Structures are given as structure tokens and as C-alpha cells.
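Structures incoming, each one as C-alpha cells.
Okay, so chain A shows up in both of these, paired with chain B first and chain C after.
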Partner chain A sequence: MLMMPFLNLQLGDRIVTLMAALVLVLQIAMVTQRWIVLHIRIFAAQSLFLAMIAATIAWFNHAPHLYIAAALTFVVKVILVPILFERLVKRMKIYEQIEPIVNVPISVAIAGGLTLVGYVVAASFYRPDEPGLGHNALAVAISLFLIGFFNMINRRKALTQVLALLSLENGLFLAAISLTYGMPLIVELGIFFDVLVAAMVLGILVYRIRETFESIDVSRLRRLRG
Partner chain B sequence: MTERIMTGLIENAAQLFLLLALAPLVTGVIRTLKARLQTRRGPGIIQPYRDLRKLFRKGMVIPETASWIFAATPWVVFFSTLLAGLMIPMVAAEAPLGLFGGVLAVIYLLGLGRFFLALSGLDSGSSFGGLGSSREMTISALAEPAMMLAIFTVAIGAGSTGLTEIAGAAIGQNWRFLAPAQMFAFAALALVLIAETGRIPVDNPDTHLELTMIHEAMILEYSGPYLALIEWAASIKQLVLMTLLINCFWPIGLQPTWFGCGALQGIGWLLAKLLLLSCAIVLLETVNAKMRLFRVPELLAVAFTLGSLALVSTFLF
Partner chain C sequence: MLLVALLFVPFATTAAAIFVRRRAAMEAVNLAGFAAVFLVAVALAARVLADGTVSLGNGFFYADSLSALVILLTASVALVCSAYSIGYLRDDQLSGALGDDASGMEQIAQIRMYYTLTPLFVFSMLFMAVANNLGVMWAAMEVTTLASIFLVTFYGKVTSLEAAWKYAIIGGVGLSMALFGTLVAYYAGHRLAGSESLSGLNWSVLVQHAAQLDKTSMRLAFVLILLGYGTKAGLAPMHTWKPDAYGEAPVPSAAILSTALLNCALYCLIRFYILASRCLGAEYPSRLLLLFGLLSMGVSVPFVLVQKNYRRLLAYHTIDHAGIMVTALGLGGALGSLGLMLHMTFHTIAKSLLFLCAGNVSQHFRTDLFSKIKGSVIRAMPLTGVVFLMAMLAIIGMPPFSLFQSEFLILRAAFDGGHVLTGVLFVLFGTGVFTGALLHVGGMILGPGGDTAVAARRPWRDGSVLALAAVLVVIGFWVPAPLFDLIRGAARVVSGQ
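Showing the complex of A and B:
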């Protein structure tokens, strides 16, 4: 019976490790994606896995307030933000392909390199003797962060940059829940509200950019318009 | 000593028979399932056998410009693929010819076959043949590094590049496939499998339009028994790669040896796993459209990145 909690922790560790890996795969899939609607759906799937990670950590670590974080992630990032963005896409009729600045194979290779950096950085925080949940979660979080930054630089369209920013925020959330097993609830509530507001404001901003410049290509934002 | 040679011979014969007999069946099952999913009736799962029989009875046309390579290629392709097939664990963890080489030998035997196919595509002097060869080589040059990285990940886990050891190590640990390294390697190898067997996002196996062909363009000039040999080799190659994938990552039901009542059970498990993988391939082929050729490097870049991630995450954690 004494072994049971440890076994449980091991199982939880496996589940979290696996889901963190899936989150990373989806982040790399975002780098390769050319269609904006699919891009939004990949983001939703990534957030879903993130919510599942939060719920798993809550279950195995007996941290009930993380359930609220998981539920909020689900509601905000899996349902609200994707719906908001898909409606924006429909309203602005952006159906052309995303054109990255660096071509896709090289982007993917760079994303792979950034993941490597993430793993190397996280390796110095790794304590194999301490039983914890998801020992690759920090590495994945740092990689999400770096790839999200790269994706923001690599895209011309404002909406895809917003999506990259949100996936970067996913990385922050993963780092927070895997390192501290959840920040105080009030902080997390603040962050979620922040994300929702940011998504809405950025959505409106994208729409205004489109209205003014007849394109959401940010490389055209060079001249002031009255 | 003679007893060991005898058992070795029996193992070889059994696996040889299994490879030869099962490969067209797998192709047939995939075609039929795909037809059913697209609400067509399909030709039935034994159609590839009928095709082979018909082709073996027919005469051949050999281009005037062709050299000895044209005649040698079907044999080289067929036997190198068979040899590779004997080096992988199918029913038992111990591969019959496992002593002669590990997974690298398998990859390069398949590479030898591909090299000769590309040569023969150029040899006939038709422009489509050359086009097919150049495309095939482009794709395989990109697929091979990804495949190697994925295979090395598995090999590091097992501590050996011998497939017997890899399968043995895989049997030992039940939940190993949940490790991220294994999952990345599996995904990379699955993408490579699609590229190498000419499945839909990369190549269309049923195409009749020369401009979109890759594998078919190389063998356009072949007819009769030679074409039969090449087609048979292609389906054996598909079976070999599928078996490699399922037995390295999902060794459930793999028997320790070929002997005893376990063999039948092992064959049953193999068939079940192959059927499952075929269903996955059929689904993938049905929901995807063929990629433009210039998009294929993107897919393979993803495979390569996944393979390198797999390798990195085995070393760091």
C-alpha cells in the first residue's frame, strides 16, 4: 500500500510527459501550417492538451485549485478564443495562404533547433532523484516559448502573429503549472482574463489594420495614415 | 550443430513464405478498404495475386536502348527486398537472418533496390523514367536522414542496432511507447513509411497521370514478368516497412522464437497489427489529397525534426 502513491505519481508523470510532447508537436505543426483556420484549430487542440495536463497535475498532486485553471484554459483557449478568431477570419474573408518569411522546411529545422535549446536549458534544472510530474514539461515550456517568438517574427499577417503570441502564452502557463504546481488562484484568474482581453483587443486591432490598410500584412505598416 | 542449421532453415523458409504470400494481400486489403471507404466496391482483396499471375504469363517488351541494367533491376530489387525482409523480426523476436546485419543493413538493402530502380528509370531513355528517378531520389534523400534518426533513437534504447535486440528490448517494457522519445520516433518513422511506400500525401499509387507519378514513372517501361517482379517487390517492401514500424514500437504478441504453439499466435497478432496499421493508412489516404511535389520536402522536414527531437530527448532525459 505504501507503494501506491509513488506508482500513481509515476503514472501521472508518464501521462504529463506524453501530453507535453504532444503539445510540442502541435507547436511545430503550427510552424508548418499554411491555412489560417487550421492554424486556429491547432492552437485550440494545443490548449486542450494543456488543460488536460493541468487537470492531470491537479489529480495526482491533490491541488484542487488547478482544476479551475484547467477549466478556465478549456473555456477561454479551447472555446472562446478560437470561435472569436474564426469569426474574425470569416468576417475579414482572409482565405489566402500564410506566407512565412523563411520557407517552411528551414522554419521547421529552426523550430527543431530551438527545441534543442529548450531541452539543453531545462536539463540544468532536471533532478532525476526527485519524483515529480512531467520531467520534460519545463523543456517543452521553454521550447514553446522560443518557437512562439520565432513564429511571431516569421509571420507577416497580424492575425497569425496574435496566434503565435497566444501559443507563447501557453508555454508560460505550462512552465508555471509544471514548476510550481499552480500559482495562487487569483494570479491565474488575472492571467486568463488578460488573455481573453488581449485576444479581443488584438482581434479588434487586426480588424482596424485591415480596414485602414486593406491588408493585415504588417510589413505594410510603414507609413502613418491620417 | 546440424540441428541449429535445420531450425535456421525452417525459420528462413517460414518467414520467406510469409513475406511472399502476405505482401500482395496487404496491398489488396489496403486497396479494398480504401474503395469501401470511398463507397466503391473495389476489386477484392486477392486482386494483387491475380494481377501477378496475369503479368507472369505475359510476354515482355524491352526498349531497344536499354542496357543490362534494365534486365538486372527487377531481380536486384526483388531479392534485395526479400533479403531485407528476412532480417526483420516478424513473428518471432529473433529475425532469421538477424546475424548478418541489423537495421542499417535493412535500410541499405532497401536503398540498393531503390538505386537500381532509379538507374533503370534512366536507362530506358524515356523522359518520364528520368523524371521519376529524379523525384524518387529527391524524396529518398530527404526521407533517409529522418528514418536514420528515428531508428537510432530506438537503437539507443535497446543498446544495439540489431533488430533482434531492439525487438527484445521492446518486449520487456510495456509502457515504453508512452515516452516522448518513442513517440517522436514513431511519428517520424510513420511519415517516412508514407514517403517510402509511395502513399497518398506524397505519391499516388493508383495514378495514371504521368506528370504526377513518382514510383510509377520509373517503371513505366516495364511489362510482363519483370513488372510483376517489381510490383511484388514493392508490396514486399511495404510489408517490411510496416512490420518494422509495428514490431519496433508495438511489440505486443511478438513471440520469443518461431517454434511451439506460439508461432500461430504470433502470426495472428502480426495480422491483427498489420490490419490496424492498414486501416490507419487508408484513413490517412482518404482524408488527404496528394501534396504538390514541392511541398513534400516540408513533410519530410517535419519527419526529420521529429526524428532529431526523439534523439535529443533520449539523451537529455
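Showing the complex of A and C:
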């Protein structure tokens, strides 16, 4: 019986690692994706796994406030933001493919390299004396952050840049739950509120750019120099 | 009570602007709201001077001299800009800068947007300055970006959309780095007692246990924070959004962005600097700060020298001054901290005055380019011309104006601390900016006179410019004792002495 909590933790750790791996795979899938609607759905799926990771950690580590974070992730990032963006895409009638600046195979290779960097950085936080969930999750979180960053540079379309920013934020959320089992609740609430408002504000901005330039290609935004 | 009033008044001003119908009523509400905010800020500063710190709600809200100074500066700029914007927006409406919709409905909607977003923007800055919790402080900082994006797109031009996009994306990436830094700082303190509760991220708690924070994590946290809030402060090389946003936003908003928001970003940086220097010793954070500070000063020099647009010139000038203040923070110690706080105060006054003068010029000549201003400004607009030149002399550090004193203090801190290279570069970059700014603005104001008619009087704009100019002149010779006490108190918070 004494072994039970430990076994439980191990099981929890495995579940978290599995889902973190899926989150990472989806992030790399985002690097390769050319259709904007699929891009939005991959983001939604990634956020869904993230919410599940939060719920798993909440269950195995008895951190009840993480259930609220999981529920908020689900509502904001799996439901509200994707619906908002899909509507936006329909209204703007974007059907063309989005080409990354660096071609797809090289992009994937770069994403792989960034994952390695993530593991190296995360290793400095690893403490064997502290039992806990998700040491892999931290490495994945840092990789998400870096790949999200790369994805922002690598895409010329406004909406994909916003999605990259949001996936970068997903990396932060994963880092928060794996390092410290989340931030204090009021901070989490503030962050979710900000993410939701930011998604709406950026959505409106993307729409106005589309209206004015008849394109969401941000490489056309280059009048202001010097 | 004061803290509640400080946050409630701007929020109520925002709400009122939504429901009021006529333009005159919106103007009255806005002005009254910001006058009230200013009075509350003064009262708060007085309380802080008397009691040391003010806190509320179990330390959720917390104000010391540093916060009180930032709040006072924010409230002052907001009040002056509120009076100025009455004249500014009326002029825009008459001249058709808001679009020539016959019914006037769209123009009123646009003016309402301005009067709704500006108090919200100020609210988020004040909230940030009184938030004790570093995570809440971050969230408030993100709200400042969100509230000001649509102020940048105010004129709806192609260029303003581009500016707003850069501002939103670069600011967004910067703030996500700042959030990561906050998170790592939280982790650095997570083994302290009571870290699970909300107060685990409270600055006032962390600073007491700064020596026990995890050192490796704190190092990483400070780098991320410097990159993150440094982006908001417009430090090079993350400064590229700044000239665009300042050049495209309506002038009163640009004035708030370049003074109050800059102070707020520096405020966040200072809070983490205090934690980092108590945890790691001053050397590590100060080396990084000096690097970014001097880089920002250096980068702004060529852009000031070849600038064609006077609002962008002011923006590069702000980058230079952000660099000066970060350098002062990096020099640290009693002298550096005092120089930093004095410089923050003086820069806020002089730079907002410069933007308001630039707004007058821009609305009279209908251009932001030096080359298109035919005839000298001083003949067409005697008051604006004189004040513009005076404020320019003040901000490039001419004695007897106050910025000379603060820059001299920072320079002394550099040489006293043995940072000879920093001191030399500081003087070199300062000279470059001095030359460029004086050359361009002097030429614009005093240049060969055309036969332009003298502009009509504009009571709201001229009145606010004159009031601010009076403050600038007076403060050059005499800083009121309570204000100086507040500045010294803030410097003591920074240096920890």
C-alpha cells in the first residue's frame, strides 16, 4: 500500500509525457501546414492535449486549482479562439495556400534542432531529488516556445503569425504547469483573459489589414522605414 | 481607499465615455476624470511620503515611493494630454482627418473610441504600478498593449495599420518572454515557505527572501525579463515598433506612449532588477543593462542624424533616453539610482511637451516631414515655435535645464564606479544625438521664413503647452521639496540603501 502513491505518480508521469509528446508533434505539424483552416484545427487539438495534461497533473498531484486552468484552456483555446478564427477565415475568404519562407523539409529540420535545444535548457532545471511530474514536459514546453518563435519568423501571413504567437503561449502554459503546477489562480485568470482579448484584438487587426491591403501577406507591410 | 479610487476613477471615465452621446460631454467627462486621477495620485504620493508604503487587500495592492512616482508622472501626463486632445480632436474633425463622412456619425464614433480607450490605457498603467503580484503586473502590462493598439490605428491609414501590426506582434512576443521570465522567477522562489499561496509571487515578499532564491533560475529569469520588458521599453534591437507607433498614433496618445508607458516598462524592469541584484549581486544584472542601454543609445544616433520626419525623430530620441535610463539603472548605486529617477521625471515632462508641440506643427502644416514645412515655424506659430525649441534644448541636455543635471549625475556615477568606457560612450552618443536633433529641429523652427500667416489662437492646445512649459522651466531651477523627497525615496527603493 505504501507504494501506491509512488506508482500513481509514475503512471501520471507517463500519461503527461505521452501527451506532451503529442503536443510537440502537433507543433511540428504546424510548421509544415499549408492550409490555414487545418492550422487552426491543429492549434485547437494541441490546446486540447494541453488541457488534458493540466487535468492529469491536477489529479495525480492533488492540485485542484489546475482543474480550473484546464477548464479555462478548454473553453478559451479549444473552443472560443478556433471558432473566432475560423469565422474570420470564412469572412475574409482566404483559400490560398500559405507558403513558409524556408521550405518545409528544412523547416522541420530546424524545428527538430530547436527541440534539442529545449532538452538541453530543460536539463539545467532537472532535480533528481524532487519527485514530480513532467520533467519531459518542461523540455517540450521550451521547444514549443522556440518553435513558435521560429514559426512567427517563417510565416508571412498575418493570421498564421497570430497562431504562432498563441502556440508560443501554449508553451508557456505547459512550462508553468510542469515547473510549479501552475501560477496562482488569479494570475492564471488574468493570463487567460489577456489571451482571449489579444486573440480578438489581433483578429480585428488582421481583418482590417485584409480589407485595406486585400491580402494578409505581412511582407507587404513595409512602407515605414528609417 | 486611495488605491481603490485611483483605479476606479479611470475605469468609470471609460464607462462614462461609452454612454455619453455628445462630443462636448465626452470631453468634459474625460477632463474631469483625469483631473480627479491627478488629485488622487498627488494624495497617494503624500500618503507614501508620510507612511513609507501603502497596501491594501492583504498586500495585493502595494505602493512605495517608486510606484507613487510612476503613478504621479502617469497621471500628470494623462491630465495634460486630456486637455490638449480636446483641441486636437476638434481640429481633426474640422480638417477632415477623421474621414469626410457627411452625417458625422463615423467621426463621433472615432472620437468616442479615443475617449474610451485612453482612460482604459491609463487605468491599466496605474493598475500595473500598484500590483504587488508580479504575474498581475504582467497581465496589466499586456492590457496596456491591447488598449493602445486601436489608438495607433486611430486614423485608419495604410501606414497606421502597419504600425499597429508591428506594435502588436513585437509587443506580443516581448511580453510572452516577460511572462516566461516571471514564471521562472516564481519557480526560483517556489521552495520558500508559503509560495503556494497567491503571495508567492508578491514582490514585497520575494524581495525579503531575495537571497534565498534559486540563483540559476534567477539568472535565466532576469535575461528573459530584460528582453521582454525591454521590448516594451523599446530598447535596441527590439525598438523597431517604436518610431512607427509614435509616428502614426494621434499626438496625445503618442505623448502618453513615449513617456508614461516607457516609465511603466522601466518600472517592471526595475522591480526585477532589485530582485536580481539582491539575489545574484549587482554585477550580473548591471552588465546586461549597460550592454542594452549603450546599444540603444548608439543605435538611435544615426537615425536621429538622418531623420526626415520630426515625429519619428522624437521616437528615436525616446529610444536614446530609454537607453540612458537603463544605463543609469545598470550603473546602480545611490548616485546612479538618483540620476535614473530624476531623469525619468524630467524626461517625462520634456518629452510629452515636445510631442504636444510637434502635434501643433503637424496640424498647422499638415505634414510630418521636415522638408515639406515651408517657412519657419516660429513665425507662423510664435508660441509653439519658442516652446518647441526650448523643450528640444532641454531634452538634449543643455544647461540650465533639468535634464543636464540628471545626465551629469549619471555620468558622474559612471566615472565614480570606474565604468570609464561606459562614460566615454555615453558622452559620445549624447553628442551625436545633440547635434542631430538641434540641426533638424533648429532648422525647422528658425529656418528661412516664408510669408506664412500667423496661425490663429488655439486655447486648449496652447494652454496645455504653456502650462507644461512653465513646469519645465520652473523645475530646471527649483524642484519642490516633497517631489524631491519622493524622487529620493524612489531612488532608495532602487538602490536598496
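Quick note on the criterion: the second predicted complex is superposed on the first by the 221 of 226 C-alpha atoms of A that agree within 3 Å, B and C clash if a C-alpha of one lies under 4 Å from a C-alpha of the other, contacts with A are read in each partner's own complex, and residues count from 1 in each chain.
Just so it is clear, a contact is a pair of C-beta atoms (placed from the backbone, for glycine too) under 8 Å apart; a residue touches a chain by one contact, two chains touch by 3 or more.
Owing to the predicted nature of the structure, the values given are computational and were not obtained by experimental measurement.
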**Request:** Answer with clash or fit: chain B and chain C placed together on chain A by superposition.
**Result:** fit
**Prompt:** In the superposed arrangement, does A:Leu146 touch chain B (first), chain C (second), both or neither?
**Reply:** neither
**Request:** Using the touch definition from the top, say if A:Pro105 reaches chain B (first), chain C (second), both or neither.
**Result:** first
**Asked** Is A:Gly190 touching the first partner chain B, the second partner chain C, both, or neither of them?
**Response** second
**Request:** For A:Ala20, select first, second, both or neither according to whether it touches chain B, chain C, the two together, or no partner.
**Result:** first
**Prompt:** Taking the superposition as given, does A:Ala198 touch the first partner, chain B, the second, chain C, both, or neither?
**Reply:** second
**Prompt:** Taking the superposition as given, does A:Asn136 touch the first partner, chain B, the second, chain C, both, or neither?
**Reply:** first
**Prompt:** For the combined three-chain view, what is the angle at the C-alpha centre of chain A formed with the C-alpha centres of chain B and chain C, to the nearest 10°?
**Reply:** 150
**Asked** More residues of chain A in touch with chain C or with chain B?
**Response** C
**Request:** Give, as a whole number of angstrom, the minimum Cα separation of chain B and chain C in the superposed three-chain arrangement.
**Result:** 20
**Request:** Going by the contact rule at the top, pick out the chain A residues touching chain B in the complex.
**Result:** 14-15, 17-18, 20-22, 24-25, 28-29, 32, 104-106, 108-109, 111-112, 115-116, 119-120, 122-123, 126, 135-136, 139
**Prompt:** Which residues of chain C touch chain A in the complex?
**Reply:** 133, 135-136, 138-140, 142-143, 146, 149-150, 153, 156, 158-159, 161-166, 168-169, 172-173, 176, 179-180, 183-184, 186-187, 190, 197-198, 200-201, 216-217, 243-244, 247-248, 303, 306-308, 312
**Message:** Under the stated contact criterion, what part of chain B meets chain A in this complex?
**Reply:** 175, 178-180, 183-184, 187, 297-298, 300-302, 304-306, 308-309, 312-313, 316-317
**Fill in**
Contacts from chain A onto chain C in the complex sit at residues 124-125, 145, 149, 152, 158, 161, 165, 168-169, 172, 175-176, 179-180, 183-187, 190-191, 193-194, 197-198, 201-202, 205, 208-209, 212-213, 218, 221-224, 226
